[in-house]
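Per-chain numbering from 1; labels A, B, C and D assigned in written order.
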Amino acid sequence: MSNVLRVKLPLMIISIILVVIFTEYFLILPSSISNFVSELQQWIVILAAFAIVLGAFNLVKIHLPKISKSKEISDKFLNAWLIAIMTITIVIGLIYGTTSSQYTFIFTNLLSPVSTAVWSIMAFYFCGAVLRTFRARNLESTVLIISTFLVASGNAPAITAFIPWYENLKTWIMNVPNVSAMRGMIIATGIGVLFTGVKMLLQVERRSTVGAGE
Amino acid sequence: MIQSGKIVQTMFLLTTIATYYYLSWLNKEKGFVPKIRKIAALDAMEEAVGRAAEMGRPVHVSPGTPGAAESIEAQTIAGLAVTSHVSRLCARNGVPVIATASRPELLPVLQEIVKEAYKAEGVGEAYNDENVRFLSDNSNAYAGGVQGIVEREECAANIIVGKLYGTANVLFGRATVAGKTIQIGGTAYYLVVPHLVVTCDYVLMGEEVFVAEAYLNQDPKQLITVFAQDIFKIISLGLLIIGLLTYSMGSNLVIDFLNT
Amino acid sequence: MISRDIGLWIQALLILMYFSQLYKDNLLYRFSEYTLIGIAVGHGVLLAYQNVVSMVYIPLTVRGEYMLLIPIILGLLIWTRFIPKYSWISRIPMSLIMGLSTAIAVRGAIKTQIYEQIIATIRLAVIEPSTLGTFNNIIIIITTICTLSYFLFLREQKGSLGISANIGRLTMMAMYGNTFAWFYMSRVASLLAQMQLILIQLLGLG
Amino acid sequence: MSNNKENWLLRLVHLDHRYYYLVLIILLVAPIIRPIGLPILVSDPTRDFYNYVNNNIQENDKILIWGGMSVGFWPTEYKPGVIAAVQHFFDKGAKIYWISGTTEDPVIYDQYVIPEIEKGSADYGINYVNLGYYSGGEMAMSAFAKDISSVVEQDYYGTPIDQLPMMGEVSDANDFEFIIHITGSPPEWLLRQYNSAYGKDCGFISISGMMGIYLPYYASEQMIGFINGLRGGAEYETLTGNPGIGLASTDTVSTGHIFFSVLILLTNVLYFIDRRINKQ
C-alpha cells in the first residue's frame, strides 16, 4: 500500500494532468471542461507560491546548525547574520508592507547593490578567462575566438563610429551562423521537451519525482 | 473534433507517444536495443586512461559543480555516470583515480560509485578512501582545489562532465598552459561551452551529455528515448527539405500542412 | 561635491565589500554575499505570501469559495518535505506542479520550437533582390540542416553525415563565440552601472 | 624577434591577473566622467519594436507587460530599454497592464519605473495598473491568458480589481493589442502561451546575454522585435529622441570592449610565439 502512495500515485497524477491539459488545448470541448482547467491552473499557481517558501526552509536547515557547529567566531556570526537579515526582511515587509519607505530602503540599499555586483564582477573573470585560456589551439577554438573577437569589437562604438563597414561583420555573424546554429538546437531541444512529456505520460520517467523526499 | 490549426500538431504529439510506446514494447517483447554511434569524448577517455597507465600518473574526475538544490539534477546524474565509467577504466588499468566533490552531499555518492567500480573490476581491495575528496562548496575554492590537484599530482587526464558555471575556465585553465594533460569536459549550459572549447581536447556539448549517459549506462529506457528523438529529428529534416523544394517551386505545401 | 545620502554610502560600501574577493577571499566579501542571499530569500517568501493572500483572501472571505481551501492544504503539504518521516507526502502536490508545468511547455513546444523554426527556414528558399541576401539565405539553410544533423546519434558520423556534422559543429562554434561576446557586454554594462554609482552619484565627479 | 622581446611579452601574459583588472577599471573611469556620446547604429529588432508601437498603438489600446526583471540587471540592462519603451507607451496613450513573474519585479515597477515616467493625464487604475507578483512562471502566464479573473483578485496595493475601471475592460489574452515580456531568460514562455496559443503580437525587453537566443525567434517573425539590454535601450532612446542613461553609457562600453578584444589578440599572438619557439 505505501509503495502505491509513495511512487505510483505521484506518477499517476502527472499522467492525468498531462492528458487533461492536452485534450483541453487540442480538442474542441464544452466550456465546462475549459473552466475546470482554469480552476486547476489557478490552484497550481497557489501551490507554486508555497513551493517558494521551501527555499527559506532549505536555507535555515543548512545554515542554522552551522551557527552552533562551526568553530571560528566569524562563521558563527555570518550564519547568524544570514538568518537574521532574512527574518528582518520578512518582518519589516509584513509590518510596513513592501511599498513602505522602510522596505524600499532595504531593497534599494542592501539587496540591489550586491545583486548587480554578482554580475559586474564577472567582467573581470571574463577578462581573466580570455587571458588564460582563449588560445586558437584547433580549428574549432579558432572559429570561436574569431567570432568572439568580431562581435566584441563590433560592439565598441569607438571602432564602428570610425569604420562604418566594420559592424557588418558582427551583424553577419549574429544573423547567419548564430541563427542557423540556434535553429538546429531549438528544434533538437523542442523534440527533447516533447519526449520529456511523453516519458512522463507513459510513466517511464522515474527520476523526476523520486528526487523529492527520497 | 480537433481545433482548427492544431490538427497536425495533435497528430505529431500522438505519433511521438505511439512511437515511444511501440519501441518500448519492441524492447520488452523482442529485446530490441538501439545502438548509439561512437562518441569521440567517450573513446578519448579510454585513450586517456591508457596513456595514464603508461605514464604511471593519476586521473582526476568530477561530476561538475552543481548548486545547492541541484545535486539530483539531470546533468549531475549524467556526470556521475561518466565518473563511474572512468573509475572502472582506471581500476581495470591499475591507474589511481582522484574523484572530487563540490557539494558535501555528493561525497558519499562518489565514494559509493568508485568503490563499486573497483569491485566490478575485481580489484575491490585496491580502492582507498583518500582518493575521493570533498574540496569545498564555494565554487571558486573548489576550482582552485581541482587546479592544485591536477598540477601537484601531475594528472594525465582531467575529466569533468556535469553542471558547470563560470568557474569552468579555472577548472581546466592551468593544464592548457602545461599542455601534457588530456582534458575532457561536458555541460549542457550553452554559456559555459565556450570555456570548455578553448581549454579541453574533447567536449560534450548540450544534448551529447545526456546521450553519453545513455551510451554508458546502456539503460534501455534512455536508449529508446535517444532512438525515438532521432526519428523525429529525421522527420523534421524531411519536412524541412521537402518544404524547401516545394517552396522554391512556388507552392506553400508544407507550410500550409504544418499550419492546419 | 560628495553626496550626503546615507543609502548611497551603504550601497557603495557593500559593492566594495563584494569586490574585495578579487584581491582574496575574506570575511567582508562573505558578509555581503550572505546579506544578498538572506534578503533575496526573505523577499521571495514575502512576495509568495502576498501572492497567496491576494489570490485567496477575497474569494474566501467575501465570496465564500471554500473550494480554495484545497490548494491551500495541498500547499501546506509541500512543506512536509522537511519532516524526514513524512517527506514523501510532499511528492503529491509537487507532482501537480510538475505535471502542469511540463504539460503547458510540451503543448506549446510543437509549434513554437519545431514548426515555426522549420517554416522560417523554408521561407528562406527564395531569390532575394540583393545577392548577399540570397547568399546568406543559402548559408542559413545549409547550416541549419547541418546543425540538426550533428544531433543525430544512431548513425556513425562518416561520409556525408560526417561532413554535415562537422559543418554543423563549426557553425555552433560561431554561435558560441557570438553568445560569449554578448554575455561579456552584459557583465561590462553591470560593472559600468556600479562605477557610475560610485564615481558620479556618490563622489560627484561626473 | 630577439629573445628578450619574447620573454617581455611572455611575462606580460603571465602577469598577475589583478593588474589587468586594474587596467579595466581605469579604462572605464575616463569615459564615465567625460562621456563623449558617439553615434550608434540602430539594429533591426529595436527598430521593428519602435515602428510597431509608433504605427499600431493608438489611444486606449491595451498593452500587457509580463515583468520578469531581477534587480541585479536593473541599473544598465533593463533601465534604458524599459524607461524608454514605457514612456513611449504613455505618450501613445496606451493602457498598461503590468503583472510580475519574478518576486523583485513589482517593487522595481513601483519604485523605479513609475516615478521616472512623465505620465501626463494618465492616472492609476484607469491608464496603468500594477497587478503584483504571481508565482509559477509559465503556468501563471497560461492561467492569466485563459481567464484573468481566475488569477487576479486584487492589485499590488491590495485594492480589489472591481474598483479598478481598466480591469473591467479585459477578460483574457484576446483583449490585449501587444504583449511584452521583460526578462533575462529565453523567450519560449511568452511565445508558447501567447503567440502560439492565441496568435498575439509579442515583444521582448531582454538582457544583452540573450541576444543569440532571441535572434532566431525574431528572424522567424514569431516576435515583433526586442530591445536588447543596454545597447537596445540606447538605440530606442535615439529613436524616441530623448537621450538618457543608455546613450551616455554606450561609449564607456567601448573602452571595455576594446580592452577585451586586445586581450584576445594579445594571448593569441603570445601563443603563436610560444609555439614557434618550441618548434625550433
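Basically, contacts are C-beta pairs under 8 Å (C-beta built on N, C-alpha and C of every residue); 3 or more make two chains touch, one makes a residue touch a chain.
Quick caveat, the model's predicted, so the values are computed rather than measured.
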| item | value |
| --- | --- |
| Chain pair with the most C-beta contacts | A-C |
| Distance-maximising chain from subunit B - centres being C-alpha averages | D |
| Inter-chain centre distance, subunit A versus subunit C - centres from mean C-alpha coordinates, in Å | 4 |
| CA centroid of subunit B to CA centroid of subunit D, Å | 33 |
| Whole-Å gap between the CA centroids of subunit A and subunit B | 21 |
| Between subunit D and subunit C, distance of the C-alpha-averaged centres to the nearest whole Å | 13 |
| Shared interface positions of subunit B, touching two or more other chains | 9, 13, 190-191, 194, 197, 207, 233, 236 |
| Junction residues of subunit D, two or more chains touched | 21, 24, 72-73, 75, 103-104, 106-107, 134-137, 139, 142, 151, 197, 209, 211-213, 216, 219, 231, 253, 256-257, 260 |
| Two or more partner chains touched - positions in subunit A | 22, 25-26, 39, 41-42, 44-45, 48-49, 51-52, 58, 98, 107-108, 111-112, 115-116, 118-119, 122-124, 126, 128, 132, 134-135, 137, 140-141, 144-145, 148-149, 152, 155, 174-175, 178-179, 182-183, 185-189, 191, 194 |
| Subunit A residues within the subunit D interface of the complex | 25, 34-35, 37-39, 41-42, 44-45, 48-49, 51-52, 98-99, 104, 107-108, 111-112, 115-116, 118-119, 123-124, 126-128, 130-132, 134-137, 145, 148-149, 152-153, 155-161, 167, 171, 174-175, 178-179, 182-183, 186 |
| Footprint of subunit C on subunit B - complex, ascending | 8-9, 12-13, 34-38, 138, 140-141, 190-191, 193-194, 197, 205, 207, 211, 226-227, 230, 233-234, 236-237, 239-241, 243-245, 247-248, 254-255, 258-259 |
| Subunit A to subunit B touching residues, read off their complex | 22, 25-28, 58, 62, 122, 125, 128-129, 132-135, 137, 140-141, 144-145, 148, 185, 187-189, 191-192, 194-195, 198-199, 201-202, 204, 207, 211, 214 |
| Touch list for subunit D against partner subunit C, complex | 18, 21, 24-25, 28-29, 32-33, 72-73, 75-77, 103-104, 106-107, 132-139, 142, 151, 153-154, 158, 160, 188, 191-193, 195-197, 207-213, 216-217, 219-222, 229-231, 249, 252-253, 256-257, 260 |
| Complex interface listing, subunit C residues touching subunit D | 22-23, 43-44, 46-48, 50-51, 54-59, 97, 100-101, 104-105, 107-109, 111-113, 116-117, 119-120, 175, 178-179, 182-186, 188-197, 199-200, 205-206 |
